[in-house]
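Each of the two complexes below includes chain A, the first together with chain B, the second together with chain C.
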Partner chain A sequence: MGHYYLRRTARAFVTVFLVTSLSFGLIRLLPGGPFTLLRANLLRQGVPASEVDARIASLQNIQPDAPLWRQYLDYMGAAAQGDFGTSISLDEPVAQIIAEAVPWTVFIVLVSTVLIFVFGILLGAIQAYWEGSRFDQLVSGASITLMSVPFYVVAVLALFVFAYQFGWFPTAGTVGPTVEPGLTMEFVTSALNHAALPIFSYTITGIGGQALAMRGNSIQVLGNDYVEVARLRGLSDRRIATRYVARNAILPLYTGFLLLLGFRLGGTVILEQIFSYPGLGYYMWSALESNDYPLMMGTFLVITVALVIGVYIADLTYGLIDPRISRGETDAY
Partner chain B sequence: MPTEAEDSEPVSWQSDSGVSADVTRGERLSELFEERVRKPAIVAWADRRTRVGLSILAVYVGMAIVAVFDLYRAPSTNQAPQLVGPFESWSHPLGTTMSGVDLLSLIIHSTPDILLMIIAGSVWATGVAVVVGTLAGYKGGATDRVLMSISDVVMAIPGLPLVIILAVTFNPQNPIVLGILININYWAGLGRSLRSQVLTIREDSYVEASRTMGVGTPRIILKDIVPNLMPYVTVNFVFAARYVVFASIGLFFLGVLPYSVQNWGVTLNYAYNGGALFTWEAAHWLLFPMIAIMGLSLALILLGQGMDRVFNPRVRTRLAESSESTRETDDATEGY
Partner chain C sequence: MTTTSDRLHRAGDGVSDPILEVKNASVTYDDGDTYVLDDVTFSIERNEILGVVGESGSGKSMLASALLDAIPAPGHLSGEVLYHPDPDTTVDVLEFSDAELNEFRWAEVSMVFQGAMSSFNPTMKVGAHFEDTLKAHDRSVPEGLEFAREILSDLYLDPDRVLDSYPHELSGGMQQRALIALSLLLEPEVLVMDEPTAALDLLMQRSILLLLEDIKEKYDVTMVFITHDLPLVASLADRMAVMYAFELVEAGPRDQLINDSSHPYTRALLNSTPNIDAPLEDMRPIPGKSPAPVNVPAGCSYADRCPLATETCRESDPAFEPVEAGHTVACHHWERAAEAIELTFGEAAAVGGDAEGDPQ
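Moving on, here comes the complex of A and B:
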């Protein structure tokens, strides 16, 4: 078992390392190269030509005239220390912008994903229990309909109706402009008020898929012999429902969670842009709009790291939930 | 003295095609048709979801045909009065945009590229997943370890941000390239679940028999393993297609992908930035592209769930041959 954790941890680091290397390679492929645009910008701002290279080095952690391996080492070294250079458009260290943005994105993604699982599992379980009933058919129909609605459609509609037309919710930002950050009642309500629509649109579109999956799993588990045996043994319905059915039906959802998390972290680029909600995705989008490559790569790396950490935690805890976890290797043919 | 015809006759029993003496080619073909086309079609059509899904999909294919053969006017600015409401005039049934473009023509002329993109993206995603999943699952050992390590890394890169960065870097214009780009790392998760299915199939007796007979790996994978994966692959093909619809339109809406391609997402973006959020008068400009998106993904989801039925052997027997003892149960479909 210890061997497994070790390997899993190593893989998390390898992934982050490879993605960072990939971002280094991609910067080189960007239109006009990494420096052309920046050099032109700096010259236009009146920076003396002799200092331009030094400025570029401080902005992107890469010395333009150094050999490629040297540039790579500098870039990786800086990234390892959490230094992603300086944002061109906002003129602030990328790390600082990201540090302010991360909590909001994590907040939105975490809350909406937990809500999806809670509602999806509850609905699916009830559907499976009353299989074929009116309720089952109704929820199944609703689930399929909801699955076919992209979250950004709900987001735009919610923004249009509840924020612009009715004015019930703010149209942008994470907290009100006059609210001081801190654990005050005012701050919390303002944050919730701003996050309500993003979380709503990110949750409502995801419940359907989870409910359908949970329903299918539960029906399959209910047909198993061990459930019948448990009934014959005279175990209480509640014990059967929680210990035998729910547990086995939820396990497959847990592995799907890994993929889901990736889609959802990535989706914040669209979600946060719609609500002008300054999290990671929002900054990635605005960096894109202004050709701010350091900020763009920084947000990309941090979103990846967030996903790697999420998957890592899920993987490690999966072993605790499901003792059968198999990682035995197969014979080679 | 033997004639030419008599000479060539006995060869057939040892030829590779496996045609036995008393089954003609025609019979074999019709049996194949029966097994692979007619029975699945009956089962598929018996499911209401497949019927509805296919009908909706047919509408989109029809729209694509109309666009390709230019049967409806192409969108251009100032071809109509600005912001005509929907259902107000016959010449512009869905109304017009702020810059006087007929909304229906915008939606129709976006369809061909979107369908191309979907097909390219899902063929790519399922194709790579099948190759990786079967190789890793069947070969095992070092091949398995290497392929799965690669998939794990690829899976850990968040899809949309990666696509955004690649789109900015390479600025693709071709819808086929775009489709592949959008599903660039979709194969990883699918490949992993295919591998776990192959792991159970590879221990089956008929695979073992082929192996003992000395049949080569590519042939075993093609003849014994892949046919057994087809149900799962087909269902996931449809889900990959839905992902292309969601992601591509989202990215067009963001303005990340090149605007030279006509797309509902581009229309949405113009509506969103053109003030359609502020007034009810322009709401149709937002709503109709949205309906187009939702209709297409609804069709794909219904089709995916109907397909699931086709490959469920119990349902198949019940409908095609009428066996009384089989009871139908819903299978789980994964949705993200």
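Moving on, here comes the complex of A and C:
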């Protein structure tokens, strides 16, 4: 058992290490190279050409004239300490920008994913109980339709209709410009108001898939002998619905939940761009546009690490919620 | 059709103190177009073991579910299922309200399903199934669990280990025995077992059968043992009933039914039973296949496969006729069956394998 946790943990670290290395290599393959822009900026600011390399080194933890392996080691060493250098376009430490952006992105992704699961599971369960009814057919049709619509289409439409036409919601930002951060009523309502449309676009396009999956799982579980036996044993409908049907139907969705969390994090690159919502994805996009390599690498890493952590948590906890998966016996599920 | 079953009852099936009586029970689907149980009438004697035999798809499981009024929707059960908690009291199970039915099931008549592996919730410990059942019937959980431990020990299981295990942690035989213990938890009067040993290997089948006899003695329970495995049930049952195409075709005391079987189908079934001692040439599969639940033939449903079939058989449904005391058969030509279809296994002992069932 301990062996299993050890192996999973080691695997998570190896994945993060490989991703970091890959990002180092990939960025160097991009046209222009990492420091061209920065060098030009510094020269324009009147920094003497002889000092430019030293300034770059102090800003980005990498000596541009050092051999590649040396740059790689410096980069990895700094990244391990959470230091991703200084953003070229925003002139602030990347770590600080990320720290400010991450809570907003996590907020949107977490809330929408939880909503997707709560509503998807409820709808799917009700559909399964009333299999073949009009409600079932209606929801199935709606689910398939919503599944086929990409979230950014809904996002653009929602932005146009609810923000620009009706003016119910703001068109940009995370909170109102005059609102002070803090646990005040004003701050919370403002934050919710700004996040409403992004969360809506994410949620509405995700519910369908979960509802259909839950519906299929539930119908399969309902056909099992143990449900019939429980009924004969005189158990109440509520007990059967929760402990015998719902639990067994939801279990397979659990891994998907954590993976979806990770993938949605990646999706924010587009979502936050549409709503001008300064979260992780927003900064990643603007970094790409302005050739801001340190910021690009930082946001890219954070998103990947989040996905790895999602999978890691799923790995570790699945055995706790499903007794049939005993740690160490099997690698696959 | 009603007359057929009434005659069976009048003909006397040798039951003097029935605990359960089934009268004209039919199960229909598709608004009465499809019969999966066709006008079945029989009784179960208090404290006997009744073996019900039939091939796959002959309505055996429907019969079992009918005893608990638990036909899966959208099936519809008609007729009467009378329960006698004691010889002087009669209640009609089909008249029960939902609450009464919930109380009746498992506490009075309980059931062991085929495939114990799928009868337990895979994400719940076995012990939790016992607790759930006790709570649902407002019984004391500590006392009930104490009783459960006793049954489990009687079934040669380690109670603490089994109750604290998840179903997948037990072997097939252990799950089956745990399921039997669960079905006895509320001390039911009748235990209906639907193919309880189908998924088990031969040795495990044999040992469970032996356990069932002990259990029956100790817990004073009436058993209905439903199976497709004729030799298996022949070693256990006091009385047997044979089903074919959703109907009962023959019923009688075990020894008479085996040695003196009067329905051509029963005889053919005996001849088709694999036997390690009999040469392969002696095995006689029954040609043809049994009818589907739609378009059941007007006359005897076995007529198409029966060597004795005549015009009469194809036109009119045979009524039950008494062969001897307690032994009834639904066949127009039962008197000729014995000479027309010779039993190939020679002596029934080879089938039963049970010492007391030794015929001469």
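Just so we're on the same page, the second predicted complex is superposed on the first by the 322 of 333 C-alpha atoms of A that agree within 3 Å, B and C clash if a C-alpha of one lies under 4 Å from a C-alpha of the other, contacts with A are read in each partner's own complex, and residues count from 1 in each chain.
Keep in mind that, in the parts below, contacts are C-beta pairs under 8 Å (C-beta built on N, C-alpha and C of every residue); 3 or more make two chains touch, one makes a residue touch a chain.
Computed from a prediction, not measured in an experiment: that's the story for all the values here.
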Applying the touch criterion given at the start, work out whether A:G234 contacts chain B, chain C, both or neither, answering first, second, both or neither. second
Could you say whether A:T145 touches chain B, chain C, both of them, or neither, answering first, second, both or neither? first
Residue contacts on chain A - larger count, chain B or chain C: B
Can A:L29 be said to touch chain B (first), chain C (second), both, or neither? first
Of the two partner chains, chain B (first) and chain C (second), which one does A:N224 touch, if any: first, second, both, or neither? second
With both complexes overlaid on chain A, does A:A78 touch chain B (first), chain C (second), both or neither? neither
Name the contact category of A:A213: first (chain B only), second (chain C only), both, or neither. first
Common interface residues of chain A - those touching chain B in one complex and chain C in the other: none
Sort out for me which residues of chain B touch chain A in the complex. 138-145, 149, 152-153, 155-162, 164-166, 168-171, 189, 199, 202, 211, 217, 242, 245-246, 249-251, 253-256, 268, 272, 276-278, 280, 283, 286, 290, 293-295, 297-298, 300-302, 305, 329-336
Which chain A residues qualify as touching chain B in the complex? 11, 14-15, 18-19, 23, 26, 29-31, 144-145, 147-150, 152-153, 156-157, 159-160, 164-165, 206, 208-210, 212-213, 215-217, 219-220, 223, 252, 256, 258-260, 262-263, 265-267, 269-270, 273-274, 281, 284-285, 288-289, 296-297, 299-300, 303-304, 307-308, 311, 329-333
With touch defined as at the start, can you tell me which chain A residues reach chain C in the complex? 224-226, 228-236, 239, 243-244, 247-248, 251, 322-324
Touch list for chain C against partner chain A, complex: 68, 70, 72, 102-103, 105-107, 110-111, 113, 115, 118-124, 129, 132-133, 136-137, 166, 168, 182
